[in-house]
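Both of the next two complexes hold subunit A, though its partner changes from subunit B to subunit C.
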Partner chain A sequence: MIVMKELEKTFQNGVTAVDGVSLHIAKGEAVGLIGANGAGKTTLVKLICGLYRESGGFIRAFGEKPSERKHTRPYIGMVTGSQITDSYIHDFGRGVSFLYDDMTLSLNMQLIGNIYSLPKKLCKERTEELAARLELSGFMHYRVGQLSLGQRMKAEIAACLLFSPELLILDEPFIGVDVTAKQTICDILRKLAAAGNTTVILTTHDMAELERICPRVVLLDKGRLVYNGSLDRLKRSHLGLSSLHLRSAGMPPDPGDYPIERYILENHELRLYYDASHIGSKEIAGSLIKGADVSDILIEKPTIEQIVKKIYKEGNYEFGKHDRGIGAL
Partner chain B sequence: MRDILSLFFAYAKSGLKSRFQYKVDAIVVIFAVFLREAGGIIAMYLALQKFGTVNGWSIDELLFLFSLIFITYGIFIVFFMALRDFPDWIKHGDFDRVMVRPRGVLTQLVLCGADWLAAFGHGTLGLLLLLVSANRVGIEWDVKTVLYYVMCVAGGVLIQGAVFLTFSAITFYVLETGSLKEIFYWNMRKFAIYPLSIYNKFIQAILLIVVPFAFVNYFPAQFFLRKPDMAQYPGWLMYITPAVGVAMYLLAYAFWRFSLRFYKSTGN
Partner chain C sequence: MSRYIQFAVIRFKSKTAYRFDYFLGILNTLLSFVVYYSIYKALYSGQSYIDGVSFSMVTTSFLISLGLGSAFHKNEMFLQDKIKQGTIANELLKPVNFKLRMLFEDAGEGAFNVVFNFLPTAVIAALFAHLSTPSGALDLILCIASVMLGYIVLWQISFIVQSLSFWLFSVWGLVTIKNVLINIFAGAYIPMWFMPERIRSILHFTPFDSIYFMPVQLYLGQLNEMQVALGFAKQLVWIAVLYVIGEVCWRCGIKRLVVQGG
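The block that comes next holds the complex of A and B.
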C-alpha cells in the first residue's frame, strides 16, 4: 500500500513540482496518473520510488519511507517510456531503462535474474514465458540497442515482470509504439492488473489504453491533485460534446429548440454537436427521425481523450458540479 | 559476498561477450589503446637513450615505475568505469535504474562498469613493462615481496577508485565534472610517470596529498628499488600504500554516501 499525505516536493531552483498531494493506493490496484506535461507526474513517481526525498508531508510505500528504502524489498519495476523514446529520436544511445543496450536481450534477462536472485531455472522459464506472451521469442538474441521501439518497450516490460515486482511503474509506455505492440502491452498489463498481485501505476496520454487498464485515475495539474476517482465519474462529470450524424433522402429535419452547440448542414447530411448532460441522445434522435426520411444515423459519444483535452484546456476542475447526485449516493 | 561474486561474474561474462561480439573491432581498439599509451613510453625511452638516467633512475627502473601505473589502471577500469563515466549515467537517467534495484548502488556501479577493451590495452602494456623491467632492476621475488607487490597494486587501484568516487559524488552537486577529472586525474597521472623527486615542492604536495599518485607508483617502486632519492622522504612512506588505499577509499565512500542523500533531497 502507498500512502501520501500533503506530499510536497520543491526543487532547489524553487519549482514546486508536487504540491500537497494526498493519496492512497491499495495493494494490487491499477491507477492511472494523468495530467498535462509538467503537471508533476514523473516527480510523484520518483517520490514513490524513493529516487527523490519529499520536501514536506508524509509518504510511505509498502510500510517504508521510500527515500530510505533498504534496496531489498519491495521490488519496483520501472519503465520510463518517454526517455527511451527520446533516446531513439535523438539518438542519445541510452535512455532510462532496465536493459543494457549493448547486451543481447537474453543476456540482459539472465543478468536481471541474477540481480534479483532468481534461481536459474525459474529465470529461464519465466523468460521464455514472457517472451512468448510479449511476442519477443524471435528477438532474444538481438542486442537491445538493435530492437525497434515497440520491441524495446515490450522488452522493458518483460524485464520488469521477470522478478514479479510488487510495484510496477509505467511512465508513458505507449509513446511512439505501434498499434500491435500497444495491443500486446495493453493485454499483458490488463491481465496483471486483474490478477491483483502487482500495484500498477501508469502515466500516459493514451486514454483508450488507460481506460482499458486502470479503473481509477488521478489527475494532476501544476503539482496539485485535482481529481481522484473512477474514470467513469470523470467522464460523467466532464462530458464533452456528443455528435449526431444524420443522412436523409429529402430535406434534413429541423432540430428545433433543442440546445444544440453546433449545427452543420451539407446537402443531405446534418451534423449536430450537443452536450449530452443537457439533452439525451435518445430524445434528440427520436425527434429528428420522426420528422424526416432518415436513411442513416450515427451517434458518437465523446472519447475520454477529448474529455481530458477539454479539462486540460479549460482548467475546469469543478468535479462536483455535474455529479453531485452521484456523490451523495 | 558469494552473491556479489556471482553477480560480478554475470556482469563480466555478458560484458566480455558483448565487447567481443565483433572480434576484429575489439582487437583493433585494444591495440589502439596499447599503441596510444606505448607511444609515450617510446618517446621517453628514446629521450633517455641520450640522457641515461633521470634523477638516478635508469631506463629499466623507470619502466618498472611506469608499469605500476598501467597495471593499476587496467584493474581500476574493470571495476570503476561507471565512475569514470558517471556524469553520463546521471544525465541519461541510467542512475535511476540502479537506484530502484535491490542491490547497493555502488555495488552495481562498480560491478557493471567494466571497460574491458581499455583494461586489456592498459593491462597488457603494464604486464609487458613489468616483464621487461622486473628482472633487470634486480628485485628478489619471494613470498614477501610478491605479497607486498599485490597489496600495493590493490592499494593503487583503491586510491584511483577513491579519486573517481569523489569526482562522482561531486557530480551530485555540479553536473559537469569533466574538467575536474582532466586537471586532477589525467594531468596528475602524466606527472606520476617520472620519479616524484624531480618535481618542485608544490607538485610534490599535490601528488602526495591531493591526488596521491605518489603512493600508486613512486613509493611502492621505492620499496623494491631503494633509490637514493628516497632519502628526502620518511622511510615509512614506502610501506603504507595499501593503508592509504583503504583509508582514502573509506573516506571517499563516506563522502559518496553523504552526497547521495543530498542528491535525493534536491533532485537534479
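The block that comes next holds the complex of A and C.
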C-alpha cells in the first residue's frame, strides 16, 4: 500500500527532515511512528499524504505518487491532535481540522458525508453507529466548539471513520484526552486495525497507547529510520532495568552473587534493580523468598515509555541488521 | 454541482443555530441604514434632486449595496488562519475543490444574512423611507442576477487578498485596505452618480462598478439593452480575470507549501 525507498525531504532552509527512509506498510497494518521532537515524523506523514513533495528517493501510496494527489485523497483520513489542542488554546475559529467549530456535530457529519459523496441514508446510519460507539450520541446537537477536548478528539476520529478511509493517519491523537476517552479511542483503533481493511499510522509520544494499538513501530531519529520492526523486539533489545521490591518481617535477605545493578536497603525493605536479560525475575525472586520471612513482594518491568525514553536519551540505536530497511518488501 | 449546493445548504442551516444573532444582525443592518438615510436626508434638505439624482434613488442604492454587503459579511481571515496553523493541509486531503467549496459555504452564509438580516431590514426601511420601486419585473430579475455576479467579483477579490497569506505574515491590513477601497470606489457609501466624471470613467475599467453600481442601475431601469449586455459582459470578464489571478495565487501558494513546507 505504501512503499518508500531512500526517501528524502530537504526544505529550502537546508534542513533535512527525512533522510533516506526506506519502508513498506502493507494494507491493514497498524504502525506506530515514534521519535523525539523534530525526528521527522510529521514530515514523513505529510510525504505519505502528498502534502509535501519529496526531494529525493521514491514513494508510492495506493500505487501513485502522493504529491500528485490525483486519486489518493478519497482514501486518507487524518486527525492532527496538536492542531486541535492548539485550537482550544488559541481559539482559531471555524475549520481547525476536519470539523467546523461553529457547526453542530450532526451538521459536520452531514458535511463530511457530502464531501466524500456518501448517500444520505448511509451517512446517517454510519453517523449513528459511530456516535454510539464513541459515546457521542448525546453531543450530536452541540456545536463542535462547545465539546471538551476529549469529545472533540473522538468527534474528529468519528468524522474520519465516517467515510471508511483506507489509510487513517493519527498525528498525536491523545493530547489532552482523559483516560476513559483514550481507552475508547484505543479500543476502536485496535478493532479497526484487526479488521484488516484500514491501515493505521499513529504518531504519538504516548507509549502505553501505542503499545495497545500498534504491533509494529518505526523509530526515527533526525530524519533517519533507526528501527523498523515489532514492538516486542524493540522491548527485548532495549530492556531497561527491572525492579524488585521486597518487604520482610525480619532482616531482608542477601541478594548474594546475582548480577544486581544496584540495591537500596531500608529497615525491613529491600529494593533491587537488575537487568532481566541477565537474570530472570523468577530466579531472583525465588532465591530471595527462600532465605527470608517475606511479607510482600512486587516486581516491576520497565514500560515501553521508559525504554523509548532511554533510547532517546542514550541515542543507542543498535537493533541488529534485520530491523532496518525496507521491512516486508 | 449539487454536492457544492449542499455545502451552501448545510452552512445556511448551521447559521440558524444562532437565534440571538438574527436580531442583532437586523438591528445592526437597520442602524447602518438609518445613519446613512439621516446623513443624505440632511444633505438633500428638502430638495427633490441633486445632479439629477433623487433622494429615493440614493436610499435605494444604499439599500441594495447594504444587501450585497450583508451577503458578503464573512470571516476574511479564514484562509490566513488555515495557512498559518497548517490546517490547510487537511483541506487538501479532501476530495473536493477547496476554493469552490469555500465559495459555496460563504454563499450559504451570505444567503442566511440576506434572508434573516437584510430582508427584515428592507421591510422595516420601506415603512419610513421612500424607496424607489423596480422599474419592471425583468429589471428586478436582471438586478438579482447582477447582484450574484457582483458577489462573485467581491468574493474573488477577497480570495486573492486572503491567498497572499501564503507569503505574508498577516493579511489583516490588506483586507482592511481592500474593504475601504471597495466601499469608496464601488459606490457603497457615495453613489457613483456623485463621483467626478473623470474618476467614473477610470472606474469603468476596474471591477469596482461591477459590484454595486451595475445592480443599482438595473434595478432603477437606467440602462438600455446594449448597456445591460455590456454590463453583464464586463462582470463576466472580471470574474474570469479575477479567477485566473486567484488560481495563480492559489496554485503558487500550494506549490510553495508542498515544496517548502508550511
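The working rule: the second predicted complex is superposed on the first by the 309 of 329 C-alpha atoms of A that agree within 3 Å, B and C clash if a C-alpha of one lies under 4 Å from a C-alpha of the other, contacts with A are read in each partner's own complex, and residues count from 1 in each chain.
Criterion: a residue touches a chain if its C-beta (ideal position, glycine included) is under 8 Å from a C-beta of that chain, and two chains touch if they have at least 3 such contacts.
None of these values were measured; they are calculated from a predicted model.
Taken together through their common subunit A, the two structures put subunit B and subunit C in a clash. In the superposed model, A:49 lies in contact with both subunit B and subunit C.
Of the two partner chains, subunit B and subunit C are each touched by A:103. Residue contacts after overlaying the shared chain place A:67 against subunit B and subunit C alike.
On subunit A, the patch touched by subunit B and the patch touched by subunit C overlap at residues 11-12, 43, 46, 49-53, 67, 73, 76, 78, 80, 83, 87, 92-98, 100, 102-104, 107, 110-111, 114-117, 143.
Residues 9, 11-12, 43, 46, 49-53, 55, 67, 71-73, 75-76, 78, 80, 83, 87, 92-98, 100, 102-104, 107-108, 110-111, 114-117, 143 of subunit A are the ones touching subunit B in the complex. On subunit A, the positions that touch subunit C within their shared complex are 11-12, 17, 43, 46, 49-53, 67, 69, 73-74, 76-78, 80, 83, 86-87, 92-98, 100, 102-104, 107, 110-111, 114-117, 143.
By the touch criterion given at the top, residues 3, 6-7, 10, 13-14, 17, 75, 77-78, 81-82, 85-87, 89-96, 101, 257-261 of subunit C touch subunit A in their complex. Those residues of subunit B that touch subunit A in the complex are listed here as 3, 6-7, 10-11, 14-15, 17-19, 21, 88, 92-94, 96-97, 99-105, 108, 112, 261, 264-267.
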